[in-house]
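Per-chain numbering from 1; labels A, B, C and D assigned in written order.
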């Protein structure tokens, strides 16, 4: 079974998720800089989530690039990932509108954690189909970055109850780790 | 006439349907677990509908995979299916916001029933174009699962008036029946 | 210049237009049939517009199917068509929420008229690129249906001021005329 | 790495941006021409932004048409452009609902300026990958239009504080400059 339609559907869902988040940036009534200024937590959380969805799209793109065929299990593993990502606009708005209060900030981490798990499940399902000596399996390797991210989310969630800015700093750090492009798959595709 | 553009349009509509449902998950005002807890019926109905739209996308994907060409009748049969599915976010929100009250829960079943009928009409239109000895016709066979689903929806609608949780349980059961992957089409494509 | 990306973008915009209209179907607060019943004008106008956007997608699909290449003028003619169609959700909701009152019903006709004009401009731009003896030019011919539709919209707009149901009946009639599939392009593609 | 999926994702995001702006065109409660008339600033800003997003899509389409492969830097440069464009619906609504008041009108220019910068960064990233003697590098040349646009946005932002209509006139002028099709890339693709 070809992979193009699963890519198209995922592109569609990710494009919608990344774009509808802006609908939560409610237009202020007053035409003043002060009115815009009160939106800073909503805008900050929007930027963070835009970067996260962008990272997911980027990694999804790279991962499927290294894959030749998909089966029914991959379709569901992919939908499972999209489910958790579809909740990102919800927690983004909740966290932003409540000025990074404890519970919404922890909830944001829970969704990131679940999405991170779902990504790893999808990755395993794809490697299962491709074989352990496949391009994808070699490129992913022991997936230090993926596992480290899950660990950091797990740390961020309780730390939101100690200091919410600590949790926020962890979310930003994980995003920065992923922003540095992971050239393994690209390099390996080029080599073959 | 090629099938790629009808697939792309359907992917787009299904991607939007599955994603805009999250807009009905209104962000709670308070940053508390209690505020999140009051959302459980809305979240539950969101999960159920996410799974249903996912199943439709999966089956749509598989069905068109086995098809070589489409005609004008198929275009309309496909739009007819998308019409009923486009109402899923509406009944999902109505059912969730009213804590699975009788009428919305029954209405949810009516939409699932109409979508199920529309799917069978689309299936027939595709088989009509492919021929009765085609891959698709053989793979679909007597479509026990499709017909059973319609029967279960027909049972769920009146049972919502007796006990709404009974109707809910039927909706969940039908989803579970479809979550188990249907490998017939995959296997047949592989064999040929 | 290839036509695949203009098709993909148009599919995206049309998929979003046809789907976000459902966001105007505001979920009723009460879980009763009466509450659902008060929505009938909104649902009726939703169905009508769903069919119209479906017709546009169908015709757009057929028209571009007969086209081999597009130029910059076609890109803008296409965006011009999408602009008018993007206003369909707005007039649909205005007409529905006001129970087909005179001004919104006439405004609905104005948008349909402008979209019809825009479609003819796009058609001319495509025929200009393909040549007068092209498949598309032959298939379109004198475009009786397209010109008749414009005439009917022009009739419907003033008749909304006499009797709004008359205007509504005209909109439904035009849709029915187009629902009957136009097999000219399909037949000609097959012949060649 | 192929360019088709980055095109598909960008088409998706741009299609959603151009379409969800219409959700800010709130349906008036009264079915009167007066009620429609009060919407003129919102409609005007919608038209302007629709044209701008259309121009970006057009230019994006042309630019990627001249490109053969993309790398990780291009993916992020593209997401950066989409980020600024995703804020267009927000500033469009803010400007429209406040009848082109000074601050929102200046903010509109800031977003256009940032999107213009982001477009130039993307252009440079693509030229970097293609080489300085590539089709794209030759077609873009010294990019007078791109640099002039940035200069005009830079002029418009302070002039909004002098006279907001002056800023508006500059935004319209830049759009008109780009509406005139830029046939350089098309011509060069044809020549090769």
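To be clear about the criterion, a residue touches a chain if its C-beta (ideal position, glycine included) is under 8 Å from a C-beta of that chain, and two chains touch if they have at least 3 such contacts.
Keep in mind that what you see is a predicted model, and the values were worked out from it rather than measured.
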(request) For copies chain A and chain B, work out whether under half or over half of the interface numbers are shared, and give different or same accordingly. (result) different
(request) Please flag the chain sitting at the greatest distance from chain D, going by CA centroids. (result) B
(request) State, to the nearest whole Å, the distance from the C-alpha centre of chain B to the C-alpha centre of chain D. (result) 37
(message) How many angstrom lie between the centres of chain C and chain D, each centre taken as the mean Cα position?
(response) 26
(message) Residues of chain C that contact two or more other chains, please.
(response) 8, 12, 15-16, 20, 23
(message) Using the touch definition from the top, list the residues of chain A that touch chain B in their complex.
(response) 1-2, 5-6, 8-9, 12-13, 15-17, 20, 23-24, 71-73, 75-76, 79, 82-83, 86-87, 89-90, 93-94, 97-98, 101-104, 107
(request) Would you mind writing out the residues of chain C in touch with chain B in their complex? (result) 7-8, 11-12, 14-16, 18-20, 22-23, 25, 27-33, 36, 47, 50, 54, 57-58, 61, 65, 179, 181-183, 186, 189
